[in-house]
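First, the structure itself, so that you have it in front of you.
Note that the chains take the letters A, B, C and D in the order they are written out, and that residue 1 is the start of every chain.
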Amino acid sequence: MEQFLIAIGVAILLLMLTSLYRVVRGPTVIDRILGVNVIGTKTAVLIIIIGTLSARVEMFIDIALAYALLNFITTIAAARFYQRQSQPVLPEVEEAEPAPSAPPTVEHPKTTGEGSHAA
Amino acid sequence: MAAVVTFCVMFAFWVVMSGKLDLFHLGMGVMASALVSWLSRDLLFSGHTKTLGGTLGEIGRFLRYAGWLFWQVVLANVHIAGLSLSPRAMERIDPRIIRFKTVLKTDFARFVLANSITLTPGTVTVRIQDDTFYVHAINPQAAGDLAGDAVGGPGEMERWVAWIFEGGKR
Amino acid sequence: MLLDLVVVVLMVCGLLLFLATTVGLLRFPDFYTRVHAAGKGDTLSTVLMLGGLIIYLLRDFNGETALTAVKLSLIVFFVFIASPTATHAIIDAGYESKVPYWTRRKGAGAGYDGPERRRQDRQI
Amino acid sequence: MKRLTLIILAACALIMLLAASDLPDWADPASPASSHLSPGFVEQAYEATHTPNVVTAVLADYRGYDTMFETVVVFLAALIIMIILRRTPHRRFCKILPHRPQRQGRDTVLKGAAQLIIPVMQVFALYVLGHGHYSPGGGFQGGVIFGASFILLALCYNLEFTINRFRERIVLLCCAGGALLYAGVGALCLAMGWNFLGYAALAGILGVSEAMARSHGILLVEVGVGITVMAVMVSIYYDLASGGDMREGL
C-alpha cells in the first residue's frame, strides 16, 4: 500500500510538472495564474500524501490547510492585480482651484465588450 | 443572536481542530472564538434575517440540494474529462457567453447559484453585474441546460436555489 | 482488503481526473476553455484523493484517526467553497481585461481578438 | 547587463555548492551538531519546558533573543515600507476616499466566499498560534494566516471596508505592541531577578512549577510574535495595494 501511495505522489508530481508548461508558455499572464492555481491545489493533496507516508497526518493536515488557504488568497490577489494592471489608470480627480476653462471630464474605461450572444 | 451562533460554530470548529479537552485548551478556545465572533460579527450571518427554525429548514433543504449538486459535479467532471481526452475535442467545443437575469434577491443565494453553475457540466460563471449573470458555456447543450427553454427564464438550478433560500416551488 | 481496493479505486479515479485536467489545460484553444478544464477537474479530483486518504486512515479506527478524518473532511468542504470561487475570480479578471476569445464563428461578434489587446498582454 | 548578473550569480552558486560539500552529511550521527548539541536539547527540553515540540522550545526559549530580534526586524520592515510608500499626511490616517465605482455590484461571489471563509480562517490562525507547543506552528505562522484573513477581506470587499474595520492607527499600534509584549515578558523576568527572557521567573506570578512557567512564557511570547506579524502583513498590504494613499486597493 505504501508503494501505491508513493506511486500516486510521483504521478501527481509529474502531472504538476506538465502543468508547468502552461505557466512557462501561457500566452497571457492570466493563463500563468491559472496554471499556478492548479499546481497549488494539488500541492495540498501532495502534502497530505507525504504526511500519510510518514505516519504523521495530524501534523501535516495543519500545513495542508494553511497552504490551501494561502493558495486561494494568492490566486484571488493575483487575478485582481492582473485585472487592475491591464486597465488604463484613472486620471486623478483634482478638487483644488477652479480651472479657467471647462473642468476636465473623467473618462471611465469601457468595461464590457460585447462578447455575448444569446444561446 | 448572530454573534452567539457564530461563537458556537467557531468553538465547535476549535474543538475539532484542537482535539484537546483539558481546561487550558478549552479556555483558549473560548477566548479565540469570542475574539473572532467579535471581529467578524457581521460576516458569517450578514444580511441573514431568518429565525432559528427558518435557518434549520434552510440547512435541511441545502443538504438535499448538496446531494443533487454532488451528482452534478461528478457529471461535470466526466464531461470535461471526456472532452479533453477525446481526440476530436476541437470539433466538440463551441464556446459562447450567455447572459441571463436571475430572480434571486439576496447576495448569498446568488453566490450559491454562481458557484453551482461553475461546478456543473460545461458552464462557468464569468461575471455577476447586480442581477445579470454572464456565463461561459463550452457548448450549446450546456448553455441550454442552464437557461431552461427560454433564455432568461429560470433554469433547474435556479429553481433549486430559490426553493432553498426563498421558499419558492421546486 | 476490500477497503484497500476502495482506496485504490478512489485514488486512481482522482489521478485520472487530474490527468484530464492537465491535458485540457494544455490543449484547449483559449483561456476560457482552459478555465473549464482547470476549475472542474480540480474540485472532484482533490475530493476523491482526500476521500481515499480518509478511508486509508480509518482502516485502524480509533479516536485519533477519527478526529484526523474529520479534519480532512473539513479540507474537502473548504475545497468545495474555494475552488469555484477562485475559478470565478480568474475568469472574471480575464474577461474584464479582454483576453482573446476563441469561437467557431468568424467575423463580427468573434470576441476579443484585437491587435491592441495582444500588445497590452506583452507589456504586463 | 542581465547576462553579467547571471554569470556572477552562477559563480556565487558554484562557490556556495563547493563550500556546502565540506559540511557534514544530512543526519550524520557523527557530526558535531548531532553528537553534542542536539541530544542535550532533545533529552532535556521536555522536562525543562513542558513543551513536546522541541523546535518551539528552542525557538522561543533557548534562543529567545534571536526570535525577539527577528520580530523586531519584521516590525522594521513594515515601518520602512510605510516610510517609503505612505504619501498623505497624518491627519488623513482614518479618512478614505470612495472606492473606484465600476466594481459596484460585481463582487457577489467573492463576498459570499469571504463571509464563510474568513471567520473559520481566523479561528484556524488562533489555533495554529495556540498549539505551537504540539504541532508545527506558533507565532509566525498563526500571524501570517490571521493577517491573510484581513487581506482576503480587503480583496473581496474593498480596501475602504477593511480600513474602516481595522484602522491604520490600530494596525501600527499592534505592530509595536506585539514586539513590546515580547520584550515586556523578558523585562518582567529581569525584574523578578532572573535573566532576561528566563521564563522560569514567571513561576511565582502564575503560581505553577518552573517548567510550566517556561511553557506559559513561550505561549505569551508567541502571542506577541503573532500580533506583530499579523499587523505587519496588514500594514504592508495597505501600503502596497493602494500605492501609499489608502484610497483604493486591488
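Keep this in mind: contacts are C-beta pairs under 8 Å (C-beta built on N, C-alpha and C of every residue); 3 or more make two chains touch, one makes a residue touch a chain.
Note that this is a predicted model, so its numbers are computed, not measured.
Contact tally for B-D versus A-D: the pair with more C-beta pairs in contact is B-D.
Relative to the centroid of every protein C-alpha atom shown, the closest chain centre, again from C-alpha atoms, is found for A. Chain C and chain D, compared by their mean Cα positions, are separated by 31 Å. Rounded to a whole number, the gap between the C-alpha centres of chain A and chain D is 24 angstrom. With each centre defined as the average position of its C-alpha atoms, the distance from chain A to chain C rounds to 12 Å.
Among the residues of chain A, those touching two or more other chains are numbered 58, 65, 69, 72, 76, 80, 111, 115, 117. Counting only residues that touch two or more partner chains, chain C has 21, 35, 64, 67, 71, 74, 78, 81-82, 85, 88-89, 92, 95-96, 101. Across the assembly, chain B contributes 13, 17, 19, 96, 114-115, 125, 127, 134 as residues in contact with two or more other chains. On the side of chain C, the complex with chain D involves touching residues 78, 81-82, 85, 88-89, 92. Residue ranges of chain A in contact with chain D, taken from their complex: 58-59, 62-63, 65-66, 69-70, 72-73, 76-77, 80-81, 84, 90, 108-109, 111.
Considering their complex, residues 1, 4-5, 8, 11-12, 15, 18-19, 21-22, 27-31, 33-35, 37-38, 41-42, 44-45, 48-49, 52, 57-58, 61, 64-65, 68-69, 72, 75-76, 79-80, 82-83, 85-87, 111, 113-115, 117 of chain A touch chain C.
Contact residues of chain D toward chain A in the complex are 100-102, 110, 117, 121, 124, 128, 135-137, 141, 144-145, 148, 151-152, 155-156, 250. Against chain D, the residues of chain B that register as touching in their complex are 6, 9-10, 13-14, 17-18, 20, 25, 28, 32-33, 35-37, 39-40, 43-44, 46, 107-108, 110-112, 114-115, 125, 127-130.
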